[in-house]
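Just dropping this structure here.
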Amino acid sequence: TPESAERTAVPGVATGLAVTGAGGDVLFVEAAAMESEHGGLELTGQLGDVMKESAQIALSYLRANAERLGVPIEDLTHRRVHVHFPAGAVPKDGPSAGVTLTTALASLLTGRLVRAEIGMTGEVSLTGRVLPIGGVKQKLLAAHRAGLTEVIIPARNGPDLDDLPEDVLAQLTVHQVSDVADVLRIALEPAAGAATKAA
Amino acid sequence: TPESAERTAVPGVATGLAVTGAGGDVLFVEAAAMESEHGGLELTGQLGDVMKESAQIALSYLRANAERLGVPIEDLTHRRVHVHFPAGAVPKDGPSAGVTLTTALASLLTGRLVRAEIGMTGEVSLTGRVLPIGGVKQKLLAAHRAGLTEVIIPARNGPDLDDLPEDVLAQLTVHQVSDVADVLRIALEPAAGAATKAA
Amino acid sequence: TPESAERTAVPGVATGLAVTGAGGDVLFVEAAAMESEHGGLELTGQLGDVMKESAQIALSYLRANAERLGVPIEDLTHRRVHVHFPAGAVPKDGPSAGVTLTTALASLLTGRLVRAEIGMTGEVSLTGRVLPIGGVKQKLLAAHRAGLTEVIIPARNGPDLDDLPEDVLAQLTVHQVSDVADVLRIALEPAAGAATKAA
Amino acid sequence: TPESAERTAVPGVATGLAVTGAGGDVLFVEAAAMESEHGGLELTGQLGDVMKESAQIALSYLRANAERLGVPIEDLTHRRVHVHFPAGAVPKDGPSAGVTLTTALASLLTGRLVRAEIGMTGEVSLTGRVLPIGGVKQKLLAAHRAGLTEVIIPARNGPDLDDLPEDVLAQLTVHQVSDVADVLRIALEPAAGAATKAA
Amino acid sequence: TPESAERTAVPGVATGLAVTGAGGDVLFVEAAAMESEHGGLELTGQLGDVMKESAQIALSYLRANAERLGVPIEDLTHRRVHVHFPAGAVPKDGPSAGVTLTTALASLLTGRLVRAEIGMTGEVSLTGRVLPIGGVKQKLLAAHRAGLTEVIIPARNGPDLDDLPEDVLAQLTVHQVSDVADVLRIALEPAAGAATKAA
Amino acid sequence: TPESAERTAVPGVATGLAVTGAGGDVLFVEAAAMESEHGGLELTGQLGDVMKESAQIALSYLRANAERLGVPIEDLTHRRVHVHFPAGAVPKDGPSAGVTLTTALASLLTGRLVRAEIGMTGEVSLTGRVLPIGGVKQKLLAAHRAGLTEVIIPARNGPDLDDLPEDVLAQLTVHQVSDVADVLRIALEPAAGAATKAA
């Protein structure tokens, strides 16, 4: 999928799946960090309250579990994080971008790219549980249309896969997860220096 | 009860009992802490004003009574506390999560797990009084359905137990409390190193 | 009165008198303090604007007159004060809790308990004047019903005592005050170490 | 006038004149200061926007002209000023308390009492100009009824004096001012140590 | 014109021209500065959003161009600036006070008085461009009525001068400007020490 | 085009293209910086929420990519940035000023002027992607009318060029871009000292 390849070519961008008025769609979450006297989280993209809370939860989860996840988070007291959902004029809401937000932030903070062929959806709780969301059928059809070959969905949404045509499912690797740490394991490329280190 | 066992397997999570449009239900309160230049309390889960105040009260109670309760609270001037109520898109309100909030925060700050088989409900005042709440019947039926075997309710709600079927009551250990310090004594597992220390 | 004895058994709690939809009632004001980088006043209990201002006035009065009143207030630049009015879900408003707020805060800051048998009502101005309020009849009947034996009312409300049945008045000691310093003198127990010191 | 004598017996209180639904009335402005990490202005008494701005203007005027007026203002960066208008539940608005606010604050900061027999009304601009207000007739009748013997009004309101009965005017000393520095000169008692110093 | 002479007799006051419901009018912008831990801009006079933004723009223009304009602006990080538009109870809005705001602030910061015989109107952009405004005819008639002899208007409003009676124009010196630096050059008196320095 | 030449004669000003009720129009974005204790972004010009977010995105993009773009951004922790859209009283909204905002800020921070003959439109994402916008036909007609000879549009808006008359297109150089770094390369003049350095 050319678009997601181009978009995820820098750390801090992850590919999400959403339901809009016109069916399912692929959307991109962008995260950037900058020096600042104080830490903080800046959110743009005409986000509703639930989606803003999802971003707070994603950042808190990473900060509270930084050591275990291998995410270097210490310097967030003097770095400000900005998360944006293009397109900027389209209102967006809901909890289902939780896994995408967590992945984009983990990518930003570790410098590891998000795999371009993968799209994802799922609510995340503060302890990292992946909770079920709606619109699985439309989201996976949109992922397929956009040329993605792997998708991550909440384990509790497994039954929704029955609603998808068999030929679509045959072309998608579907990961069913219940812990967002597994999302990071599946979606993030190895660290740039990893191969070298192993050598 | 598999779900509460899984959810309360990390410090900072307590099992509450609530009344929703569809009867009683089990809900989980999640708390996490992270390094921060300033202390502070971050609340998510689409909480109403009364529930936000319950969280402020729970934290103030623990800070003002830290020494007596054995809760290490000193470092809260440089740690930020985040409390989340999943599911993130469902609006929630009311004072009855007071005991659950206090327990989740005490668990987070002491590192002691909350016992998985226990659910709780009750308003908490700033001095730690446990005040009566509504919906005891639906809440205890929900606890029973969810496989919990012990529940904590306010002492002043004792008369409401008459409304429950005898077979349900026979399978539930009901703790009637008037001081939230008793809730903590009942609901928290011993500290991890306690047995060792005693040896 | 068992309830007020139990509630006022810790410093920082005073017994107020209020008018509700269902006549007069006894309510408790709870205050607690905690270490904090910055001072500040935290208010909970679904308070209206006038009642929030009453709490600001009470705290300012004590800070501006600390030395004269013997209230140790210096450390309030690094202690945060939380005032709560149970029950948490019931909206409350009006200026008549001014004396109760001032007494609860003075109790908290001096460590002197509030006398359990006493209830009070009255607006307080920034210079400590006790101003008249409404509902004296219902409030004193409620105090009597709750087993309180002493009440404090504004001097300017003296004429309202005519509306009360003689047998109720016969069982109540009524203090009519115009300066909140007199309220503190009447309502606070001696300091714990006072007898010892005198010995 | 007994009430204003009692109210203005401490520094920081000045007697204003207002128009209410029930004609003119006497009101008191109370100011207090307290130690604080940061300076700031706290306003209570259910004040409207215009009245809140009047308080900001009064404080800025005194700070910007402190040296010329002999008002010790340096320590306001570490003292917080609280201004209250009793009664606390009555909404109040309008610019005409400007001179009263300036006088109360100057009294607080210099420790000089406000003369008990004097009432005042007038808008104040940031450079200390006294601007005309409405309701002069009702305000002076109220001052007279309350037993005040001197009043301060804006010079531009001079023509309004024609509306008052001659016998009332005969018992009132009316000061017509255009600069708020003159209000302070007329309304403030000499400093407590002034006579001693002169001896 | 007696009023503007009196009002502009201190640094920080400039004479503006406005359109009100009753035709054109002269208004005064007052600025004052005071010591403060933090810089900042305080606005009073019941200003609308556009007028508040005009004040922010005026201050930013002076800060960004301080050196070129000879305005000593360094100490604004520890001085607070207050701008007030009397009369305090009259709501005001619109961008046309931009030149007046910039001139009042420059007068305050340099200590140079604003010339008493001059009135002005015009929007100012962040780079100091003077942009056209409405109501030139009413504003100049008001200036003439108030006894002002010079006015400053935006160059792009030149054509509006045709609407004025010849005898009024004959008595007014009209400055047409496109850069607010020219407004400052025309409207500010020389620095108090300038003649001495030149001697 | 005389106006844009005059407006863009200082660093920090870029020429945008907008659609208004009356068709397309040219607008100018002005940016200025000033010393401040804290960094921060100040926005004026009656901007809507989406446009305010565009300014946050532009500044975050430049801060996060400062080194790669050659934009000296370090000192933004002690410099405050103000962005203004004249005319001040006209409400403005939408994401299509993203490229203009980014260019004006880059001009301000590098001191390089924006080329006077160039107008631009396009949404910018946080990673610098240039996203499509509406109104290309009206915007390019307005650019042509205003005497601009070059325009920058999003690459994805290429098809919209078919709607323009051939003679207009013949007189405009149209740059189609997908990365805002290309906008900066096209629109900014070389640094003032660049030729000297090369010599």
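In order of appearance the chains are A, B, C, D, E and F, and numbering begins at 1 in each one.
One rule holds in what follows: a contact is a pair of C-beta atoms (placed from the backbone, for glycine too) under 8 Å apart; a residue touches a chain by one contact, two chains touch by 3 or more.
Not measured: the values here are computed from a predicted model.
Enquirer: Going by the stated contact rule, which chains contact subunit B and subunit E alike?
Expert: none
Enquirer: In steps of 5 degrees, what rotation angle do you get fitting subunit A onto subunit E on the CA atoms?
Expert: With C-alpha atoms aligned, the rotation comes to 120 degrees.
Enquirer: Indicate the whole-number Å distance between the mean C-alpha point of subunit A and the mean C-alpha point of subunit C.
Expert: Measuring from centre to centre gives 53 Å for this pair.
Enquirer: With chain centres defined as C-alpha means, what is the inter-centre distance between subunit E and subunit F in Å?
Expert: Chain centroid spacing, subunit E to subunit F, equals 31 Å.
Enquirer: Got the subunit A residues that touch at least 2 other chains?
Expert: Residues: none.
Enquirer: Should the pattern of chain-chain touching be classed as line, ring, star, complete or other?
Expert: If you draw each chain as a dot and join those that touch, you get a single closed ring.
Enquirer: Spell out the part of subunit C that touches subunit D in their complex, as residue ranges.
Expert: By the definition above, subunit C touches subunit D via 38-39, 49-50, 53-54, 56-57, 60-61, 63-64, 74, 77, 94-95, 98, 123, 125-127, 129, 131.
Enquirer: How about subunit C: which of its residues touch subunit B in the complex?
Expert: These residues of subunit C touch subunit B: 7, 10, 12-13, 28, 30-37, 42, 44-46, 82-84, 86-89.
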